[in-house]
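Think of it as A, B, C, D and E in the order they're written, each chain with its own count starting at 1.
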Amino acid sequence: GCGGSGSADGAEAGTPTKGGKATYAVNVEVTSLDPAVCAVQSFDRCAPIFGTLLRYDLDKKAFVGQMAESFDTTDGKNWTLKLRSGVTFSDGTPFDAAAVAFNWDRVKDPKTLSPAARSTQGMTWKVVDPQTVAVTLDKVNYQLPWTLVRGLSAIGSPTAIQKAGADVANSPVGAGPFVLKKWTRNSQIEYTRNPTYFEPGLPYLDALTIKVIGADDQRLNALRGGEIDVDWSLLTKDARAIESTGGYQIYRVPLVGGTGLQFNLKDPVVKDEGLRRAMLMAFDSAQINNAVYPGDQPVDQLLRPGATERDDALGKFPDKNLAEAQRLFDDYLRRTGKTAETVTFTCYAGLPALEQVAQLIQSQMQQIKGLTFKLNAVDGATLSSLSTKREFQTIMGATLSQELDRLYDVFHTDGALNVMGYSNPEVDTALELSRSSGKPEEVAAAYKEVVGELSNDGPLRTWRYQTGHLYVNKKIKGITVAGTNSGAGVYWQYAWRSS
Amino acid sequence: MAGSGAAHLRDADDVVLSVRNLVVEYSGRRGERVFAVSDVSLDVRRGETVGLVGESGCGKSSVARAIMQLPAPTSGSVRMDGVELAGLKGGALRRQRRKLQMIFQDPISSLNPLRKVKDIIAEGLRVHGGVSKTDVAARTQDMIERVGLDPATASDRRPHEFSGGQCQRISIARAMILDPAVLICDEPVSALDVSVQAQIMNLLEEMKERYRLTMVFIAHDLAVVKNLSDRIVVMYLGKICEVGTSDELFASPAHPYTRALAQSIPEPDPEAPVQAAALSGDLPSPLNPPSGCRFRTRCPLAQDICAREEPEIRQVRPGRFAACHFPLDAQAAQPQLADAAAV
Amino acid sequence: MTNLVQQRPGAGGSPGTALPSAPTATVPAAATPRRRRRRDIGAAFGAAWIAVVVLAAITADLLPLPDPNEVTNAFSAMPGSAGHLLGTDSIGRDVLSRIVHGARISMAVAIGATGIALVIGVTLGMLAGYFRGATDSAIGLFVNFTLAFPPLIFLIAMVTALQPGLVTLVVALALLGVPNFARVARANTIAFADREFVMAAKALGARPLRILTRELLVNVMLPIMSLALVVMATLVVAEGTLSFLGVGVPPPAPSWGGMLAAGRESLSDNPQLVLVPALFFFLTVFAFNRLGDWARGRVGRESSL
Amino acid sequence: MSIGAQPREIVADSPAASPGPLLEVQNLRVWFDTPRGLVRAVDGVDLRLRRGETLGIVGESGSGKSVLSRAVMKILAPNARVLPGSHIRLNDVDLATVSRKQNKHLWGVDLAMVFQDPMTSLTPVLTVGKQLTETLRYHLNLDRTAAHDEAVRLLRLVGIPEPEQRFHQYPHNLSGGMRQRVTIALAISCSPKLLIADEPTTALDVTVQHQILNLMRDLQEKSHMSMVLITHDLGVVAGRTDAIAVMYAGRVVEYAPTKRLFANMRHPYTRALIDAIPKVALPSHTRLASIPGRPPVIVDPPPGCSFAPRCPSAQQRCLAETPALEPDPQEPGHTSACFFPLGTTDGDAARKRNIAAGVTAAGTPVAAEVVL
Amino acid sequence: MTVSAAPPEANPKPRDGSKMNARALRGRAASVGRFFLLLFMVTVAVFLLLELIPGSPVDAILPQDATAEQIAEARERYGVDDPVWQRYLTWIGGVLQGDFGRSFQTGLSVSETIAERAPVSLEIALLSMIVALAVSVPVGVWSAYRPGRLLDRVSTFVISATLATPAFVLGIVLVYVFGVQLDLLPILGWTPFSENPAEHFERLVLPVLTLAAGECVLFTRLLKGDMMATLQQDHVLSARARGLPTWRILVRHALRQSSFSLVTVSGVVIGRLIGGTVLVEAIFSLPGMGTLVINAILSRDYIVVQAVVLLTALIYLLMNTLVDLTYPLLDPRVRKVRTA
């Protein structure tokens, strides 16, 4: 079966053997292997070196300790991080509470420009003893462990960091299962086994290579050509293709959210609810998927069917209804006294699939007579700058994560990533509750509420349920999948190559 | 030989063109000086044809271009009808230029391949303006006819549709339409076939009579120059060697170089004895001309003084001027093999 | 080569172009029947193809074609059918219509940018070649400067700096084309300025402007036009390359390069999405090149006269 | 001409006593395929040259002299077409049948050529010495030093001062006359039996031309080679050849031993050519007898005598029929291609007729004075 | 080309050495001056051009949810609020001291980054140049020698076809054919030579072919044209008339002086290839300067762009100088007259 869990289709078999190497390919290069930076931006490149403090087990649906032993709280405000004893970085220095504090201090320091800095706001920490860090929050947040799975998860050797100085991005020293051997930027990163890794017998592999291959089809070709063992992808159609070939294991990681049409609710034109609703009703997710992502099902709610936090009764994206859309739009024109309206859609240039989607959306929107939907295709840097500065009417935006906690940042009125200017008191309350409640049922209910509201309001209208895929050569076993912001990642220490 | 001096210049009123102490130097590719023309003076009377002969590279064209101020000479004076051309600029120079026209060696390259014959010929009138459109057309037709082409068929064609001789006729028409006082012909027939050469020479002769034209005629073919000129100036390596009337010059050369030239002319007569080579060696480089007499390196009569002192042009016989320390007298000058062998 | 060496007819001509053994001076073309001239099939095809493409580009809106941006059905990447002769693209738009409308961009870039580059380049080149000296040095410096600047970097930066779009593209590509034209125009101006007809014009008292426009321009334009055809071919490719790199004309405007880039993703599933625009690309560039060759051949012959 | 040349082997197998001519050209036709049409550069030429003799070929620009010589040398441009029926025999060996490999040893060894323009006929990137030695070594199998010595000897032979130094110089370091001497040295380096000189002095100054022509004559006399001297200047061939062929529009229009030709010109073109040349002996401002019209066009020429449009004797027949080169009944060895040769009754009558009419059959006006 | 047709020996006295030297020196100083002026102009131009690009490096570096302190810190650090000229002066000051700064994006030293990337691009560029020359010289020479024959026809056809197939199309097709359909060659990525020489070159085959194809066409065309003109010259005919072997005539008598355009163009091409490898690098995922610079532009990593542009301009200019120095080797007529 597919979806729903991070596990593979078909059972794992055989006893792990040591040795061999694996090659994994992803689509973008990262800028830095600084633990303060890469834990957010490039989990897959970072984790082999630093490991992660915690790990989210997709099967058990629970946080488990990894580099750290445990991370517990009683009140959601005061947390205790317990480290293992005897763990050392690959340069021989101890992996202890001081090292954790040192790394987190760096994250918090604006000079580091760490993308995780925001998550340290309202958070303080104290070294209690070499194995213990006490963490205190200014607000209750039971979702805090997520940050230790990702943003704050990578702990580098303080000695090495200090020694590297400005070159820290290039010379990571961690305590994870692998050590960096060579980084050829825009080509590949090579790792070799960390002989001092704490988990006995791990990792199985002697070496790991992560390649950067930008084009989806070429990654797939490389996989088929045997150049790589594991291919990362977001494309369901590739999964189909691989499935039909046989010989590969496919792992799917369902993600929360996706890329979509995002409205600037502070824009004088787009803030009009009627106009927005008209546009939402002209939106046709099925058409997009058919054309660009064949094999993906059309989206009618923020979460995929079957997701536990989805409740159709609480809200769905408006159904496509052109007549109604036209009516709403005409109504909008009447209200505002305009004869026509132009809305600009800021989208990515140079990424063929997203360009196609943008063009499809444009053609859908322009089915509303009187509405001109202009594309403004820009490069990624410009797009994110326009987005952050909220200089857009509608934009191709995304929220993509493994955990629902991310919704807080994106949709809460005060959310750090709320570029839409979205503000819905009910959503705010529910989101706050999702953090302040320690009870899973309560949290689940709150998320249902949030998801329903968001689907009704449609500040971000997505067109497919994003799924991270890993296509794995059958020779590689023991793939333990991690959900990441970019889809799927692998905890490589458990992987092994069968001879 | 090959000297400077002004003994051969005349003081008459009817001197139309007077060139004094003309010096033309070019800067070569690597910045060296090319001494193309060094201190050349000559004058041309109204209605007279002065021939300029000399071997390739001796500076004939440079003299012609310097007279035209295209480009202006390095130094020296060029007077047209008493007006000093050197130093004139812009409009003033352009106005003077119409009195001075030129015909070039290569009939093909001296016509713009992409313009119609009538436009090429009318260009002069248009440039100077003041002539009505119909007048321009009429004068152009007339001129085309005068140079022996059929205006009806020729006017609208382009130069490449004509043979070399016809192109040269067009060039002549272009120059003549401005009614110039002086026509400078820089080897106008040397690119033409023998059969056509005569046509053009006859045409020039005709034009000269009809318009009382003054000509400076340049060629390396002695027979051609002789046929068309009244007076001939012989040049060698940027300097004048000898000046004389055309009928006498080759009959009794005063300068050893002139004699050598005369001996070198192949005669279309199988009975004429083939002469031994009159000169050995080649023209020295104008980059670094020999000291003293420039001809001395090849001169069969050269003495020490020739290396030290540059001979001045002087009258050696009535009406004959030569720049040589040892000019030949009228008898010795008869071309003879013995002289060449003696040295 | 300078004319210092005394020339006889046939021995001269411009270096490298004339057949030294052919004294063309004595073969006046007018008197020569042209009927035997062999047709250059390649060039004829080229001319026809370019004519078709230009015509299609101009009349794109009038042709009985679907809207190039209209998503015509739910099914994408269909092969050809009655409604869509060349099928639809991966998001269901009519490929033929997009090709025809894309021709607009290719042609606009090819002709527009070449035109601008030609005007600027020829002006600069002729000034440099005619006046030489300081003018030449200054223009030479500019030309060298343009050449020293890495072109793709320049293009990408330009396109990113000014909003991507047809005008930006045309201007940026035009700037890149200037040195080519300037160099050829300069070389030819120098060659022709040495010719005696220019001297004759000066002797007639013509001003530099008159000489430049009446005597030199037409002559310089001949080789320039054949260069222009080659440059057009390059620019069609350049536009495609930029679209391919994602800095061409922005979507949804159809462009061949963009179609190629988009189709590239599905090369193995739907190769026709790449092959069809690639074919048009090929034919057009081929046509321009053939025409360029032909023009060059003609110029070669003409200038040897 | 020096007759008693010692018979020497020509093409390997030919018997020394072979009585035939050294070079025999029969009905040579070379056409060029050009975009403008078929250029009949050489259109039926017959020539014979005996050992040790010098043949002059005169004709105006474009009359096919160079193409003829290149055809003999087999170095025609790629677009040239030698028509079937053409024969070039060197010492009775048909050159068309010689294989490419044998050809190599024919060229340079038996046949050599000097080109018109000394500025372009030496390879600019190789020193004079290299060009000489490579030829010597290739053909004569000399070793390095022997080739060097031989090259220096050759340079000295052609009158180059300081040959040891010139040996190491590039052609561009030499003057035009000097270069032409080098090309001559190259041409005679393997003692060819036949030297073809295609306007060897046209690009040179009169004084240098004189030197070079004398040099060639001396060399020829010394080595008893045969020579074809091509020029457009009748003056050059007058004193230096045994026989002359006058070419017009790709054909030989008159062929005779030199003295006979000058004494008795049969073809109106030859006559006109002589008359059109200005001579130093004549007083200045003498009106020249020019040839009306212009040189012929040889692209798809119309039938008839190609000189007819300019010929003062032209008759109706000349426009319709092409005259063949025929021996003069009165003068053996003198051939001309004219229906109305000068000095014959027919010819004089034709001329008179035209003068009386004031116009020839081709419509060209004739004035009495033209007919000297 | 020949300015003076006269032999130097005609001058009995030696040249005035000092005068010549002064002139030559002045000429050399001028060309060195022009060289640096051009470099200066290029760097200024890049600066101004990059200034035109909307957005600042800070936007690309900062996380989307950056805190106010981080924003302030970044703006300060990258001097985005300083006037252009000041940033230029700072930058050029560093460059003159050999410090190209650190990449905004990666924090790496720019010179190190380039030292890492440039060899990749250079290797591709050089290899493709070598391949192109190795193919085009014999083909060009032979098809000029035997125009209209088989090789000429085939090469003319291939030339037309390749000319009309842009590199990005060709690259894709090659990948599709060799990598996917035939599965003969690895299609993507880069293996350092030190790691596995065989694989290193295996991976270079397709990119080099893609790049070489275009050059090949250009070179063959140029060479064939020039060669045909040379082969019609009298000196070649004269060599043939001396019966020299064909190869000798082609190579020794004709090739050298026919290769002026070829040398000029290859110099220019090599100089520009560094920027021109962008496409193949993009298609074949190679870690060269092309991808570096594209990414740098897109992420507003100006300091990298500037360095790369400076480097490419430098290489281009050096190549041009080199080409100028090659002319005398090709043709002695360009050589200075030997002073004895």
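The rule is simple: contacts are C-beta pairs under 8 Å (C-beta built on N, C-alpha and C of every residue); 3 or more make two chains touch, one makes a residue touch a chain.
From a predicted model like this one, the values you see are computed outputs, not experimental measurements.
Counted as hops between touching chains, the shortest connection from chain B to chain D is 1. In terms of C-beta pairs in contact, the better-connected of the chain pairs C-E and B-C is C-E.
One simple way to say how far apart two chains are is to compare their mean CA positions; for chain B and chain E this gives 52 Å. Distance between chain centres (mean CA atoms), chain A to chain D: 90 Å. Centroid to centroid, with C-alpha atoms defining each point, chain A and chain C lie 48 Å apart. Mean C-alpha position of chain A lies 42 Å from that of chain E.
Those residues of chain D in touch with two or more other chains are numbered 60-61, 70, 77, 116-117, 119-120, 175-176, 178, 295.
Of all residues in chain C, those that touch two or more other chains are 4-6, 8-9, 19-21, 25-26, 28-29, 31, 160, 245, 261, 264, 267-268.
Counting partners per residue, chain B has 56-57, 163, 193, 220, 282-283 as the residues that reach two or more other chains.
Residues 70, 73, 75, 77-78, 103-109, 111-113, 115-117, 119-126, 131, 134-135, 138-139, 162, 165, 170, 172-176, 178, 183, 186-187, 189 of chain D touch chain E in their complex.
Put simply, chain E touches chain A in their complex at residues 54-56, 59-67, 69-70, 72-74, 102, 105-109, 113, 116-117, 175, 179-180, 183, 186-190, 192, 282, 285-287, 291-292, 295, 298-300.
For chain B in complex with chain C, the touching residues are 56-57, 65, 68, 70, 93-95, 97-98, 100-102, 104-106, 108-115, 123-124, 127-128, 157, 160-164, 171, 174-175, 178, 190-191, 193, 220. Listing the residues of chain C that touch chain E in their complex gives 1-2, 4-5, 15-17, 19-21, 42, 141, 144-145, 147-154, 156-158, 160-162, 233, 237, 240-241, 244-245, 260-261, 264, 267-268, 271, 274, 278, 281-286, 289-290. Put simply, chain E touches chain C in their complex at residues 1-3, 5, 34, 37-39, 41-42, 45-46, 49-50, 52-54, 160-161, 163-169, 172, 176, 180, 226, 229, 232-234, 268, 272, 274-276, 278-279, 282, 290, 293-294, 297-298, 305, 308-309, 312-313, 316-317, 320.
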